[in-house]
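What follows is a set of structures for review.
First chain A sits with chain B, and in the next complex the same chain sits with chain C.
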Partner chain A sequence: MEDRTYYSIDPRGKLRCVKCGVSLVKGGARFLYLDNGFPVELPVCPKCGFVYVPEELALGKVLAVEKALEDK
Partner chain B sequence: MQIEERGSTHVYRQIKMLTEEQLVQRESRCVHGQPAYCIAACPLKLDVKALLRAVAGGDLDGARKLYDRIAPFPGILSAGCGAPCEAACKLGELGDSVSIRDIERAVTRFGARRRGTMLRMKKKKTVALFGSGRFALFLAGELHKKAYPLTVFCAEADAAAFLNAAADGVPADLREIDLRLLLEMDIRFVFQSALDRAQLDAQRAAYDLVCLSPACYRTLWPDGEADPALLYDPAHGVVAGLDGGVLDAAFAAKRAARTVDRLAQGLDPAGARGAEGAVETHLYTNTDDITRTARVPCDGAYDRDGASSEAKRCIQCECDECIRGCAYLRHYRKSPRVLTREIYNNVGIIMGDHMMNKPINACALCGQCTVTCPNGYDMAEICQLARKNMVATDKMPLAPHEFALLDMLFSNNEAFLCRPQPGFETCRYVFFPGCQAAAVAPGTVRAAYLDLCTRLSGGVGLILGCCGVIADWAGRDALYDQTRALLDRSLARLGDPIIIAGCPTCAKALAAHPGADVVGVWSLLCEIGLPEGTHAPERPLALHDACGARGDAATQAAIRMLAARLGCRIEETEYSGDRSPCCGYGGLAAYANREVAAEMTQSCLARSDAPYLTYCMACRDRFARAGRESRHILELIYGAAADEAPDISQKRDNRRALKRALLRELWQEEQTEMKLDFEVLYTDDARRMMDARMILTEDVAAVLQDMRETGEAIFDGESGLTIARKRIGNTTFWVKFTREGDAVYRVHSAYSHRMNVVRRQS
Partner chain C sequence: MILFKKTQSVCPICLRVLPAQRRAEDDGIYLDKVCPEHGAFSALIWEGDLRSYRLWAAESGISEPPVNARAAARGCPYDCGLCERHQRKGCCMLLEVTNRCDLRCPVCFAAAGDGPVKEPTLDEIARQYDFLLAHGGPFNIQLSGGEPTMRDDLPDILRIGRERGFSFFQLNTNGLRLAAEPGYAQTLKAAGLNTVFLQFDGVTDDVYRTLRGRPLLAQKQAAVRRCADAGLGVVLVPVIAPGVNDDQVGALLRWALERAPGVRGVHFQPLSWFGRCALPRPERPVTIPRMLALIERQTDGRMAAADFSGGGAENPYCSFHASYLRREDGSLRPLARRAEGGCCAATSDDARTAVADQWSGEGRRADFAPDGALSETSALDEFLRDARRSTFAVSGMVFQDAYTLDLDRLRRCYICEVDPTHGMVPFCAYNLTDAQGRALYRT
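Coming up: the complex of A and B.
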């Protein structure tokens, strides 16, 4: 069965992996916190697997989920 | 250095934070929910406070609705009520109580009655009521309200006469109002009844229940012994009234109607009656700030405006002593009683959302409420117990406290220093300025230490570190014990000297060490005198007492004495001394809940426009950060210029630099400085942002260092910024930067998240 993904972010060709010199692509990643996991789609490097968490996401949705989990 | 995050949200451990009895014992100290004096005194339970509030606001219709709730005939009741509420009114202690009864008359006259729109189904059981007078009239009204099919047998010739039999001395217009109410009621009358045994016997079988006026009852059964509380005579199977004033009759009619209800359902009339009548109240209401006012003259009867003016005299009695002084309680708009129960319940939640975690972690644990509350309510104890409980059951998230705890570990590791005075093996004294002093005002710490070394004999050692209160505030006993052990070892190394504390909170924490001898630097300076060359600021200063010095009269007095010797003009504020509020640092409020902590700071600063004089470095820092000039008393004494408030990174740098400088200057020890092999520059924005997001320059440096080693980074073509990241402890830090040279970076932004992110193979 397909993992449900919570967010999906498309790099739209603007992001490049400095180490591998290739453009980031939309790829599968997983957020882990306090023994909970959330599948997401984020910009990732197709070669080295660097997963990019943009600032807006970190301070928005990610923070909100963190707070919700912390008070579970 | 790392502190372990809670393991899982799926761990369902539970420990009781208090027994149910302990909880109730605490809750019962808070009288916030107790009824106002007037309400408690009213046997009919009129919400006098709400009625007066409505009248004061000109809403006589709303007031009438409240009044109609308690009695069916407001005209007769308001005309003749004995008004125990007025006798109990708090304002009576200051002079004239509120003229509640005259206001009730105005409410009856001018307030429009709201007619019931719902057609109510009549009950099945029928009632016969014999006689007239106050009890009979009020009972008729009560039974009508309860929708019993009711037949009244009375001697009078018509309804007006029946009403008049209960309306002795009632002004004509009020009587008229009640007559209209009576005529609207669906009651069958049998006028000109004989009311004798023959009539009773003839009718009895036709009704399920029989009620009698007191006069009827006496005539029929002169020796009858109806229960005065239940108004019931089981021997004769009748409900029988009581003689008495208007209020007695109205109250007796209420009880009788309740008895009718119970009997109609075939139940024991004595059961399930709840609390009837007036109650005792333990409310406390502070009238210190209330100026006594005379009753608004009424000249026989109030008009609308007169009633409204008189109602405005009501001070709406309640207890909010603690709430007035505490920004935290104001923020959550809850009394300690309610908060305590909700926190207790929160701790008991095994699975699901813990809505009270925020309030639990936002309390400053400052103890102000315990002083301002007439019953000494200790909200800090509750929040502290809850925190410890959460830690013990692995329910405490690390996020609210991690920064502060790491800061404590920093103070007690990298920035920690313990040395005897040069030339001594052990010392008579040790100076313990406290972690915040070294972080905020390192120059002052140095000057104070040098002064103490010069003027005290027997050697003065130095300990730079944290007293551990941060772990205590976070509810982490194990970490607190570790810190205490570190300090005990250090003190032992110095020969267990007398501790000269530079911070009232440290003083308290250190005094709890077995065998510790602690003196506040302020008290010592009172004793040995001020150093040479101090000069007082020209402007008067508002003195803010530290919550760490609550209950410590000697410290509070010593500070005032020092200020006087310095030549300072001190402004005392409301809430000074033991009643002082917390600046927002206490209890780690500033870390766990910035919003509430800011409200605490503002509430402190609202007391005066003058610059503030403090004797806790945390207060000094928070006031300065909020834009108010503030000085620690040691800064005044040691003449250090007030620096700009350091940001979180500078606070660490200050501690490192102080340790290095003192080691070099006094102990000739060189510390190898960890130098980066690259340079980091920051935009002003980035620096501000990092302070707000609690990201340190050393976190940024670690990210860049890592990036230099691994080459891992991404380039954002849109912004032209390179972005690197590193997971440090429980947090992932991201840095956006530009390259300014070979080994020079300019940071434009930094952010972090606690969730860990990994690649998912799909």
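Coming up: the complex of A and C.
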């Protein structure tokens, strides 16, 4: 499978959108799962709307919410 | 009549292993077997037709062998401990810390109070914890009996388990000492107790007179208050006996919901005929479909049979469960059942964590990474906080007796009694008794 890179980190540690070549900015996003929506703010590309979800968020709080919404 | 899926069972008179046949009729599924000495037996195991039985669950093929299992010699159910042919490593372990009890219930699976006092020393209990760690632990621990609160060193029993790395403890209790002794709930919590698994059979005293030998409602209510005040989770555990309290299922659920989140849920145990049971075994004991129908009818549909599913890690025909989010207006929203087939992929460890999270009095929440400069995720934090407070669990387990025992089910049992001689023995094998009340493992 082609290895695609959607973002890069510049020397100052800032996230950039590879496709548009601009810095990501804080912007509104929404997680949707099992009929539940969660408005959050995450790094987004101001041009194409790409949303960056940090790995620790995906494997932390987001996973915890998924588990809470699922019945075991 | 349709015959399907053969299995093995035992003779209810002499406990010898017999081939058994499942038989579907319009009014239910039956388990048939013939003992060459004691004749033919037929037991209702499911109320409903074959379609409803099959729709309930797909049995998982996942193999999860016990750790350091013992060799199988005579075959199931005679080699428990666990043996190498068992299909689950274990989830919840029962430690019977005494056989003394301050009640003398007409119904008691452990037949507590019969025979001489048996009470393992703290050293013996420490060895049982060590045995569990060497055989797949840590597991969830249920301190049971008899009545565990008869022992004044119960906090020490909790502490030595905590020191060894066990992290979830529930106390199987009649609640009398918790009700009577101010500060006792706090003492147990400080020693490491998470949850009180409280014998709670009904909301009127006539139920307690029949099942427990005397009226106890006031003490039960006081025990719930004291536990909630101490931050201990409470799970109400009603035995459901046909003709005694099967008309109180809805009232029990309402009573529990009014006391959530202190009361974390209700765990029904339809009456089983093993140990000491003064009530005659009916032609049609309570099965999972009957239990779900009682829940639906007596809650006016607020909790529906369709909200429930079978256990994912144990055999799905052993248990049922649903979780609900309580909304502020008092309405309930069932949490989504996992995708078709997904529920049956659970392991014993998945079940162990899910039970501990739901039944604990206070959060076992992990610490999450803080938001970065470009992130703001407080909506997720608020949901997690509310979900814990507002999730209410309804569950139950249908134990097997010598009439209904199905060795296919038994091999997937993940709730074991810890026995100093035999090791980890699946609950329904440990408590199995023949017509004279003789047990295979319980001595």
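Rule of thumb we're sticking to: the second predicted complex is superposed on the first by the 58 of 72 C-alpha atoms of A that agree within 3 Å, B and C clash if a C-alpha of one lies under 4 Å from a C-alpha of the other, contacts with A are read in each partner's own complex, and residues count from 1 in each chain.
The working rule: contacts are C-beta pairs under 8 Å (C-beta built on N, C-alpha and C of every residue); 3 or more make two chains touch, one makes a residue touch a chain.
A quick note: this is a predicted structure, and the numbers were derived from the prediction, not measured.
Chemist: After lining both complexes up on chain A, report clash or fit for chain B versus chain C.
Modeler: Partners clash after overlay.
Chemist: Looking at A:16, would you say it contacts chain B, chain C, both, or neither? Reply first, second, both or neither.
Modeler: So A:16 only meets chain B here.
Chemist: After lining up the shared chain so the two structures overlap, which partner does A:64 touch, if you call chain B first and chain C second: first, second, both or neither?
Modeler: second
Chemist: Of the two partner chains, chain B (first) and chain C (second), which one does A:45 touch, if any: first, second, both, or neither?
Modeler: first
Chemist: According to the stated criteria, A:25 is in contact with first (chain B), second (chain C), both, or neither; which is it?
Modeler: After superposition on chain A, A:25 lies in contact with chain C alone.
Chemist: Classify the contacts of A:34 with the two partner chains as first (chain B alone), second (chain C alone), both, or neither.
Modeler: both
Chemist: Is the number of chain A residues in contact higher for chain B or for chain C?
Modeler: In the superposed model, B touches more residues of chain A.
Chemist: With the two structures fitted on A, what stretch of chain B runs into chain C, 37-45, 649-657 or 703-711?
Modeler: Among 37-45, 649-657 or 703-711, the clash with chain C belongs to 37-45.
Chemist: Residues of chain A that sit at the chain B interface in one complex and at the chain C interface in the other, please.
Modeler: The answer is residues 15, 24, 31, 34-36, 39-40, 42-43, 62, 65, 68-72 of chain A.
Chemist: What part of chain B is in contact with chain A in the complex they form?
Modeler: 5-10, 351-355, 357-358, 397, 399-400, 710-718, 722-723, 725, 732, 734, 736, 749, 751-762
Chemist: In the complex formed with chain B, which residues of chain A make contact?
Modeler: My answer: residues 3, 14-19, 24, 27-36, 39-40, 42-45, 48-53, 55, 58-59, 62-63, 65-72.
Chemist: For chain A, which residues are in contact with chain C within the complex?
Modeler: Residues in contact with chain C: 15, 24-26, 31, 34-36, 38-43, 54, 56-57, 60-62, 64-65, 68-72.
Chemist: Would you tell me which residues of chain C are touching chain A in their complex?
Modeler: It is residues 309, 312, 321-323, 334-338, 343, 346, 350-351, 354, 365-366, 368-369, 372-377, 379-381, 383-384, 387-388, 391 of chain C that touch chain A.
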